[in-house]
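Letters A, B, C and D mark the chains as written, and numbering starts fresh at 1 in each.
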């Protein structure tokens, strides 16, 4: 047996378990902020298993059913390119960072396909908002990545991680190799974009319960909804992992999980206390300050390399 | 009613109705009756082009319980447990109004202490309703922390209600002639300490919500009701005060213990979403002051003047309109008696009837889909009192 | 837009480690407040089954169901059953409950898939976790009855004018509003008058209808409105929280507004051939005559005395029952065609056997005419009077002068009250001797109160043991105080005389009012063994017919209550019985 | 307030009665309702509070009560008109007071009173309603519920006199 096949089989499972755990703990923390006790941290596992065990009553056609599957498949493929800490990913080559940027989009697009078939205006509006939001945060995010590529002279995620590696031990902390310290402005931009990618407030227009009744999820139920929840968990893992790999990378495997969780918690802290933007305002926001910062980041990088 | 729901559902599933007859391509978008962004079972049918609404049509009727008809078939006292169910977030105004109407018709005097207790209950209900409103408004904007806080704080008020009246929501505490029981032991002390807590809490709400930049960005200049429009549409209550007209029934035609109380009528000038929220936020502090005064001035004595045996109680012939200031606007009861044991007609004038249909339709026109729920909530529409 | 406003929301995170304000059920539980309106609980023994809760319930959540409970006087076997699917927990049922047996507990949880389990029969004997309870001062039933104008005691002792003026219309209407409409009074009333119905008519201002309802069950309504033992008021649930509804006075009010009953009551009669004889024109005889006459029979009433009315006329003093009231009622009864032969004593000139031959049926209601005596030394004599004969003398207009004399009346019933108050009106100083406690007195509370107001001295728990005579005239009475013996449960306590503590009281006249029995000597002579008699009263079946065919008994001589209303009821029952008997003959 | 009423009487020639609290009432003919409300609006009755319909089935009339509120003078005026129950048509006032439109819609639906000139008398709360308008006195809710939901109605049983057995 090839170890790669094992990796390919195990990676999604670990990622899903981690993602669901993050959501569960996140709910607990948000509950405390809201002066509640909240559900137990394993609630998300129970819910997901329950959803997957349910029968799906209604369907609106082939693509409607295919949507969540496409989304899930896209996320799983992306996962193969994401290094798990210093452990190398299954697939790694020059330019994979660009590929990942494309692959991350597959999931929402697949969803858009399915939701569009469902022809519920809430879902359609939600999907339209999702794509608009993607347009909004992708631009500064890609620019932030661009500065990283400029700085590290590589387009392979694994190599970006390697470039930050130092001597790691429990007693010795060598985090000063992180790109966060080398490229602080780009890191901030990327984190702001991460907020949008994760769909946390103030950028949760896609699901916005009070406006469009949970948007894309509105027509789905049972297994499909379960798949969407899993997809969401995967996304949380992929996006936090991508951020950690690029800006807080190089650490050993045991450091990787707390790091991704911390990134997630950081977005939760903002999520907990803010209302949401109108979608137009979100677009304006991303194409405002973060975009300018990203450009400044590139200039800064160019200055630093020289 | 059942048929109606089904029909609506089938329409809803139809979803994107590209109407071919019209020159503009718009799609029909249904909000409600089962929608988290709506205050209760109420619907709005929207015609939207992209994200912009070109036509809105309020669609009430999902909570029609025919209270006005039911009240015609019940004895006068039997209506007391019924009226409070007309508006869920603020049921006490109904009880107070119904009792006041019957008292005015029959000439039963209310003891001074009962008047104060009623005012305390009404003001407590106002605080509870405002907390409900703050939470609801924040939730429509996507901030779910504030509702959790404010509903939690509202529960402390409900605890006091439970101690006083025996129930948390539908108190059924006021009845013609006074109130059903005297204040329990240490009630005023407990209320006073709660008021001090609430004073601190409202400052914390400020930090997370009322002062927040994002909140101002979302709300300023949205859904403007200017002075002329407010008068034209017979807007009442805090919504009117947000448009810069200082009008408060508690001040203009004082009822119960309000003549003895000093308080300011709060106004804002813009008439937009932000003003409507801030008027209520400032009134919240004013109400705490009113309650403190009421506790200080509370007289002793009887709390109930007896009426005849309720099973055989006949009310004198006549008609009367009484009104109070609720958190939503002018709440009025028009009671017509034909001299028998049952009322001839009881007409409930809920403020949402004026705010929730024509005004809402007018305000929603030209707005974005994201602003529908916030605007509805900012008007503080209570669909149960439209339907009754 | 200040920087401060952007960062301020983060201040919310200070609550991260503070104690949340939610409760982790079921680990923690919140106990509801003392006034909580939860699930119904009913103390089934205290509940009287009046059904007020059922009537006030706006959701029809309460149903009165028959249950296996002990039915005491003034209660029914109905108990509330609550459908908690319909209940709105307003607590009106608790506030109106006259007994306070119904209350709402602090429990509010009930979880079941079976809808039927939400219909709860609240059957609890012990109190636990009481929530919303009845507060007497907030009872929905007004506790006080309408006040009636009354002649002051100083004035009324001087004459035989009526003590009470009667209700005025507004007060009567207000008083009639207090009726719960439970009908317990109807069960208690001997004649089963439809009290809630006529109270309803009175409060609607329709006195004619009220009187019509009354006369369906009682042709002597006005007399009963004036003097009655009013069992109805004794069982009235309103009496538990205050004064019972003044049913008697309401009746008096309604009947007195009617000048002539003939005008409002339909007395068209289909004549029948049979003739029926009535012996005794007292309440039983008159009511019998009226109802049987309405059925078409020809009625002849035989009365010993010169005027019809029996004990009502001869026994009850006119300050309690004005003569014109009796005349009005009898005039109405005779106007239907009933013939009254006064001054005709059956048994002397005519015999019962003759009557039985001549008439299809004979109803005998001669009442209790034989007084009991104490049987103590020195009792016999001219100045030892029997209360009934004394009252008879006074009521027939015989001049008796008691001015300045000391009168001792022995007994505690209504007759004793009549005797003392009549003597007082004749100018005597009156003492009343009764061997039990005052609460045990069979006499009305109101009469006792009035008698005291009129200056009569009550010697409670005393027993005369000897009459001392000087030259044949009474000089004094020896008496002893008594103690009460409660050993026999469920019965009235027994008086035990304290024989070593003998006291004397100087008196001039003794009036005995310790009860009376029927005089059956003529009947015994005529019928002998064929007439069955038990405990001094003839044995009758449910139709009130005795062992001799065609001979019916009723009134005081046949029942145990010995009052007007029971006599009237007997008359009505006997009328039904005679009708049945003659139809099936 | 009394001064204002006398002044109002002089200006408009209407017979206004002062009543309890802050109220006054006024009865006009059905035909004059538009003119009256126009006059009153000119006098400062800017707030249209509500519109009530009362079914006096015994007299075969519907009574419409227009509630107006004068903010400065603090007077609540009830303008009452009687209309024939068999031909319930009246002219709309929705162009005078814009919010009256909603109230007229409700009255049309609940009582079947037609408002001539109201542009939006579309169904309001009820839908697919085939019975007579429900708020009319002759609409029997208990019968309707019995037919519709097969529930029992115990009203008669509850108020049935238990003493009928003695008859």
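As a working rule, contacts are C-beta pairs under 8 Å (C-beta built on N, C-alpha and C of every residue); 3 or more make two chains touch, one makes a residue touch a chain.
This structure is a prediction, so every number in the text was calculated from the model and none was measured.
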{"item": "Innermost chain, where centres are averages of C-alpha coordinates", "value": "B"}
{"item": "Centre-to-centre distance between subunit C and subunit A (centres being mean Cα positions), rounded to whole Å", "value": "88"}
{"item": "Whole-Å gap between the CA centroids of subunit C and subunit D", "value": "51"}
{"item": "Centre-of-Cα separation between subunit B and subunit A, whole angstrom", "value": "43"}
{"item": "Centroid spacing, where centroids are CA-atom means, of subunit A and subunit D in whole angstrom", "value": "60"}
{"item": "Of all residues in subunit B, the ones touching two or more other chains", "value": "145, 149, 152, 208-209, 212, 214, 217"}
{"item": "Of all residues in subunit C, the ones touching two or more other chains", "value": "9, 12, 15, 21-22, 55, 181"}
{"item": "Touching two or more other chains - residues of subunit A", "value": "33-36, 272-274"}
{"item": "Touch-based graph of the chains, sorted into line, ring, star, complete or other", "value": "other"}
{"item": "Subunit C - residues contacting subunit A, complex", "value": "9-10, 12-13, 15-18, 20-22, 24"}
{"item": "Parts of subunit B lying in touch with subunit C, wherever the complex brings them together", "value": "74, 77-82, 145, 149, 152-153, 155-156, 159, 162-167, 170, 172, 180-181, 184, 204, 207-209, 211-214, 216-217, 304, 306, 308-313"}
{"item": "Contact footprint of subunit D on subunit C as seen in their complex", "value": "51, 54-55, 60, 63, 76, 181-183, 186-187, 192, 194, 196-197, 216-217"}
{"item": "Subunit B - residues contacting subunit D, complex", "value": "3-4, 7, 60-61, 64, 66, 68-70, 72-73, 104, 231-234, 236, 247, 252-253, 319-323, 330, 332, 334, 336, 344-345, 347, 349, 353-354, 357-359, 387"}
{"item": "Touching residues on subunit B, where the partner in the complex is subunit A", "value": "13, 15-16, 27-30, 35-37, 48, 51, 138-145, 148-149, 152, 208-209, 212, 214-215, 217-218, 368-374"}
